[in-house]
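Each chain gets a letter, A, B, C, D and E, in the order it is written, and its residues are counted from 1.
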Amino acid sequence: MPRFLKYISKKTGAAPGTLIHVGEKKADQTTIDLIEYNAESTARRSISSISELQSLAGRSDVIRWIDIDGLHDTTLIESIGRIFNIHPLTLEDIVNTGHRPKVEIFEGYVYAIIKMLRYHGGVISSEQVSLVISDRLLISFQEQPGDVFHPVRQRIHNAMGRIRNSGSDYLAYALLDTVVDNYYQILESFGEELETLEEALLENPERESLERIHQLKRETVYLRKQIWPLRETIGGLSHDDSPLITDQTRLFFRDVHDHTVQVIEIIESYRDILTGLLDLYMSSVGNRMNEVMKVLTIIATIFIPVTFVAGVYGMNFKFMPELDWRWGYAGAWGVMACIAAVMIFYFKRKNWW
Amino acid sequence: MPRFLKYISKKTGAAPGTLIHVGEKKADQTTIDLIEYNAESTARRSISSISELQSLAGRSDVIRWIDIDGLHDTTLIESIGRIFNIHPLTLEDIVNTGHRPKVEIFEGYVYAIIKMLRYHGGVISSEQVSLVISDRLLISFQEQPGDVFHPVRQRIHNAMGRIRNSGSDYLAYALLDTVVDNYYQILESFGEELETLEEALLENPERESLERIHQLKRETVYLRKQIWPLRETIGGLSHDDSPLITDQTRLFFRDVHDHTVQVIEIIESYRDILTGLLDLYMSSVGNRMNEVMKVLTIIATIFIPVTFVAGVYGMNFKFMPELDWRWGYAGAWGVMACIAAVMIFYFKRKNWW
Amino acid sequence: MPRFLKYISKKTGAAPGTLIHVGEKKADQTTIDLIEYNAESTARRSISSISELQSLAGRSDVIRWIDIDGLHDTTLIESIGRIFNIHPLTLEDIVNTGHRPKVEIFEGYVYAIIKMLRYHGGVISSEQVSLVISDRLLISFQEQPGDVFHPVRQRIHNAMGRIRNSGSDYLAYALLDTVVDNYYQILESFGEELETLEEALLENPERESLERIHQLKRETVYLRKQIWPLRETIGGLSHDDSPLITDQTRLFFRDVHDHTVQVIEIIESYRDILTGLLDLYMSSVGNRMNEVMKVLTIIATIFIPVTFVAGVYGMNFKFMPELDWRWGYAGAWGVMACIAAVMIFYFKRKNWW
Amino acid sequence: MPRFLKYISKKTGAAPGTLIHVGEKKADQTTIDLIEYNAESTARRSISSISELQSLAGRSDVIRWIDIDGLHDTTLIESIGRIFNIHPLTLEDIVNTGHRPKVEIFEGYVYAIIKMLRYHGGVISSEQVSLVISDRLLISFQEQPGDVFHPVRQRIHNAMGRIRNSGSDYLAYALLDTVVDNYYQILESFGEELETLEEALLENPERESLERIHQLKRETVYLRKQIWPLRETIGGLSHDDSPLITDQTRLFFRDVHDHTVQVIEIIESYRDILTGLLDLYMSSVGNRMNEVMKVLTIIATIFIPVTFVAGVYGMNFKFMPELDWRWGYAGAWGVMACIAAVMIFYFKRKNWW
Amino acid sequence: MPRFLKYISKKTGAAPGTLIHVGEKKADQTTIDLIEYNAESTARRSISSISELQSLAGRSDVIRWIDIDGLHDTTLIESIGRIFNIHPLTLEDIVNTGHRPKVEIFEGYVYAIIKMLRYHGGVISSEQVSLVISDRLLISFQEQPGDVFHPVRQRIHNAMGRIRNSGSDYLAYALLDTVVDNYYQILESFGEELETLEEALLENPERESLERIHQLKRETVYLRKQIWPLRETIGGLSHDDSPLITDQTRLFFRDVHDHTVQVIEIIESYRDILTGLLDLYMSSVGNRMNEVMKVLTIIATIFIPVTFVAGVYGMNFKFMPELDWRWGYAGAWGVMACIAAVMIFYFKRKNWW
């Protein structure tokens, strides 16, 4: 279950604050992407050196979003941390991609961990996204290039909505909202699979269905584990009194919180439905067996006694008067027919046929 | 499971506050219905243009209930929002018919989402109703024409009860109360089905019963999901300190809250009963199988040994002394009768017969 | 499930405060019984007209208990409400016999709903009792004549205990206490049934046991639903700060609260035991089947091979050397005995016999 | 289930404060045992009359522990109550041996109910112990002579530990501690049984195991019911602000509270393990059946077809060319061997053998 | 279940504060190890006598970590307690190795119990570690030599991280952190086993798998029991207001708390997965049985009727016209082939083949 637990052994025993990258190395090189914008203008460029980052200080008339993709280069992360005054514990959490979602308020910034999920080939995988929300600056750390934030970048570029007129807190909200919206898409695919599965089960329960139910159940456990802590996380953002988050943005966070709660409720419904499907499968299998047994029993209990009669008159005793009777053979058929009729009548009455 | 999740893909990535209609388009055209009343008089008319709505401002001596049916025309909804100062987030929730029930207090109005349920052909469907409760004005948004509010309109028309003498908060209560009353009707039909099902199960467990249990379970999950959040929703209305809701009306909201709690308790009882029915079904199937097995076993274990005896004397060995005995044939019958008797005695003692 | 849900359709859509009797009509006529008492004297009489009730005002030197049996005559209930200043919502709850237990504090009185249970023929039925506790006056509303309050009337009559020296709050306590005491009796009968059932199951699991388990489970669900809300109800009475309830009586309410909690704990224990009994039943059935199968298998696997041997020597081939052997027949018996012995040995080793 | 519910019918309807002994009469006569001690000296004697108790007033330089064994003599209990100013409700609870554990603070004393458990012959029985903790005086009420308090008496006698230098609250703690320590012993025996049972199940699942699992489950339900309320009970003692309990003793109560919590956690673990054992049993039975079925199937499917072949050549048709063939008999054997081989090969491939 | 309950009988009845070693004696001799360090220097040595410990008083310029391995020598533990002013209740808990994890604040020190776990051969064993955190001094008590604290000692020795510059509270954090990190390693091994087991189950469900599932479930119960209380324990450390713990270290404790919560969540996920595996196993066994039954039924229902036909013509009646027919034998084969074909067609249609 490596998905469930990414905390690898090399980390054990290290001094707290030591940056150790936990998780798969998903990117070859760390790339840094900078977007600067304000109500009037916007610019986007790649940052290739630390010194370039350092020179970003000054100017307070723009909002900056620094997006860092790739977490394996801990020296680089450490330098970034030093430039922007990020606490060592935060840095440690950033590179530990197995951390659970949370929000923490530090001096000068709010730190949030969320999980970006992908659903591919029936398996959900997650990528950890860390957000450092500071005054007029948002730094996002992702495990690899490629994310779901494209619409946000477009909104910044096209000055759609209120994003260009709001601060870094609103940007954080926009990112969170996109991530949570993405959960809905995953749940949608999930729900479609559930429906297909249910129909398949009602028609013909097969071993494959059982394995699929099991697999979906495990995915639900995983999904729940990734999203559950988000509830308090985003709830925290909408209630905490950090000065970095304006009251207006808090209203928006409340909205994302609503969505998260709904996502969790849907997951719970899916769990209930899956349990129901398993019950349905097991009852169907039981039913199946019952039907098979009935056929066997009907055939066997009709033919075993009549075969016995045939066996009796196959005996080679010298003195068997029936054998010499004129209607002996017809009589034997009669007896056998009677036995069969009685049996069939019994089954009919028992409602087995 | 499209019922469980209406949040469709086109919404993802849109800027917050962008109005995107989520859900099936259920109405061809949006219709607007206006009822104005005060203690003395009442009037009802259709509104066909936005400008007509705009001109409604002035006069503060009447209570107005604007009922809007059809949510797909987002431009129209947006215009209405602008006229009545409704926050963009509220508008977004109004047209997103997959939202969960909630109450939110905004400046100038209280916003509530509830679900109006229909039970048809064993399947529950829901329609989202949004209420914007403002001073002397209530705007209700429904997905389609046709609702359960007829009795409320009649009470306004006939000046029954205290409705004509109360404010928009009491009107909101009346609508909520009607919706919750409607839940009782659904539960009633549900309960009758449960009873029929239980009787059927006790008489003769069939595969159809299993499918019906499964279906009812899924409906219960759905019902729970739709009604559960209403608990806090209406609880919120009876506790919140918005000046728009008078203390007297709060007392009435407490009453609806009581009803909602009871509805939820009944749903929970139904869940328990359904689980019990499934257990009953599965045990019955097990019992059934047991009975079938017993019949098979009794028949087989009586006839298999005696058939063997018959087989023995059907052998063609030259030297088989029994075959020549005078009472050989009778003796064989005797042996077979003995074996059968022993078996029957054994089953009797084991209490299998 | 009419027991689980008494809210009938005719109520839907009625204006709040409209008195509509919900539930079966259990009494032909409403009877009103008045008991007046103080430390010195006591008197009991029937009231036959509303005007008589109206004239009861004055005198504050006695405690009055007005007991009303029969709720279908809503006009009468309404008149009573008007005389004693009972809020329309309270009156609505009084005649709605499907309401859940609750306590509400209104101006001038405390209103409590409890359920009086009967256990008859394995089925629990409930009668709703409403108490309106006001200063020096207690009005109780029951669905029909006949109740469990006889001991309380006797104590008033015989001046036993402190009842004659206490107020209407103590009288309310005495009634509640009697109702809860009655629950213990029901649980006692219930417990005895459980014990009988358990013994029956351990001896011989039968289909009737299954139906009885199912039935008891459903009764437990019903019991729980009736009594569970009472916990907070009576808890509320012992904590609320209504001036109508003295601190001393509060101590007594705390005592009833303890009892209610214990009743609920016992119900929970019963649920656990019932679940255990169902498990026991199902395992027993499984065991049963296993035993049946073993017998079938032993008989079949011993006789099928030996019957085959007999069959072989029943063949009519011209050239079958064994048939002509001197010891052919004995040898065939020997072979068959060997096969049987091997089988028996196998079963013994497998521990199946 | 008389153990689960001791509240007998005769109690119903009695006036509160009426002393009615509920439960089995376990002692013939009530015995009263007095221990007086202070730092310097200690004395123990039997009290035979009420007047002797009355004369105990005066002297405040000793701690007194009055231990009363036997609760059926309600007149005696009532007199004792009058002497020591015990509230009628407390007296009622003392003689009602079916009460749940609780702590209540009255004026002048703290009242605690706990359950002393015995585990004998696989069945847990409980005895109710009531403690009335007053200034420099502790009265304990037990159902019968014989308890687990021997070590406490010894510690008083031998002046071990701090008991002789502490007040009646510490004595109460010592008694509670001994009772809870006793729970550990019961859990120990319980745990050993669980272990034996588990080993037995893994080796050979038998019907007796099923009954034992069921029995242990019921005992766990009972244990839980007896001990669960103790959690808040003792928690209450360590938090309440009664002046009768010193801060130092509170520290010790916190310790007992820890132990109670641990006891409850162990009970929960045992429940989980028992559920696991039941699953194990049921799966084992299923496995068993599977194995039996396989043997039956293998034997039957090998021999039924070959017996058919033998049957064919046992037919008496005039014209059956095979019968006259030279190698007909050998050929029949060959065909039968082939059929058997094919079957065996099939089973091998299916991994059934 | 000795692992679940270490509280042995000899303890019962002892005066509180009496030191009685509870648990297995795991060490022959108690060893005491002292590490002294400050920002500048560090030293480590063995302490062999009590007097040496006593002389440690003075100097306040170093942090001291006294590590005591072996708890059976209660006299020694008592002496240590006297030297460092440890409360008797704390000492009692230290030598009671069956205590549950907790944190308690005493005057002058904070006392914490945690469990160090080992996973060996599929079984988890635990060792109790007690920490007494006092000003500039930390005393750790372990059951035996050998622990997971090696990395901490190295960090002190090599002056890595901030440990040499922080107080005894940070040292306590470092130890706790190492213990919790160790839990991750155990969960990792656990998770790998789960994965292997799941694959094995999907391929071929065997009795061994069942036993392994059962064993893992029991280990999960044990794990949960050991780690669950740690949640509040460490939560307590991060919230309590003891002056011994600085605000900065509190931040670190919050971090460990996060980890503990995650560990518990993973355990819960494992429990869910194990339940799923058991369901999978049982359904697979049911499927298996179904398949076996089908084969039996198909073979039996095809051959039983045809064998009957063969039996009929094996009868020896004098007058059996068919026997003399020219095509009698071929006709019999035809009839038998027809029966078989009908049966096969039936099974095909039923989708059983």
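Observations on the structure shown:
One rule holds in what follows: a residue touches a chain if its C-beta (ideal position, glycine included) is under 8 Å from a C-beta of that chain, and two chains touch if they have at least 3 such contacts.
Note that this is a predicted model, so its numbers are computed, not measured.
Note on connectivity: the fewest chain-to-chain touch steps from subunit A to subunit E number 1. Computed centre separation for the pair subunit A/subunit C is 41 angstrom, with centres defined by C-alpha atoms.
Mean C-alpha position of subunit B lies 26 Å from that of subunit C. Shared interface positions of subunit E, i.e. residues touching 2 or more other chains, are given as 282, 286, 289, 293, 296, 300, 304, 307, 311, 314-316, 320.
From subunit C, with subunit D next, the chains follow one another around the ring as C, D, E, A, B. Remark: subunit D residues 148, 150-152, 154-155, 160-163, 173-174, 177-178, 181-182, 184-185, 187-188, 191-192, 194-195, 202, 251-252, 254-255, 258, 261-262, 265-266, 269-270, 272-273, 276, 279-280, 282-284, 286-287, 289-290, 293-294, 296-297, 300-301, 304-305, 307-308, 311-312, 314-320, 351-352 touch subunit E in the complex. Those residues of subunit C that touch subunit B in the complex are listed here as 1-2, 4-5, 7-9, 11-18, 89, 99-100, 102, 104, 204, 207, 210-211, 214, 217-218, 221-222, 225, 228-229, 278, 281-282, 285-286, 288-289, 292-293, 295-296, 299-300, 303-304, 306-307, 310-311, 313-316, 320, 322-326, 328-329, 332.
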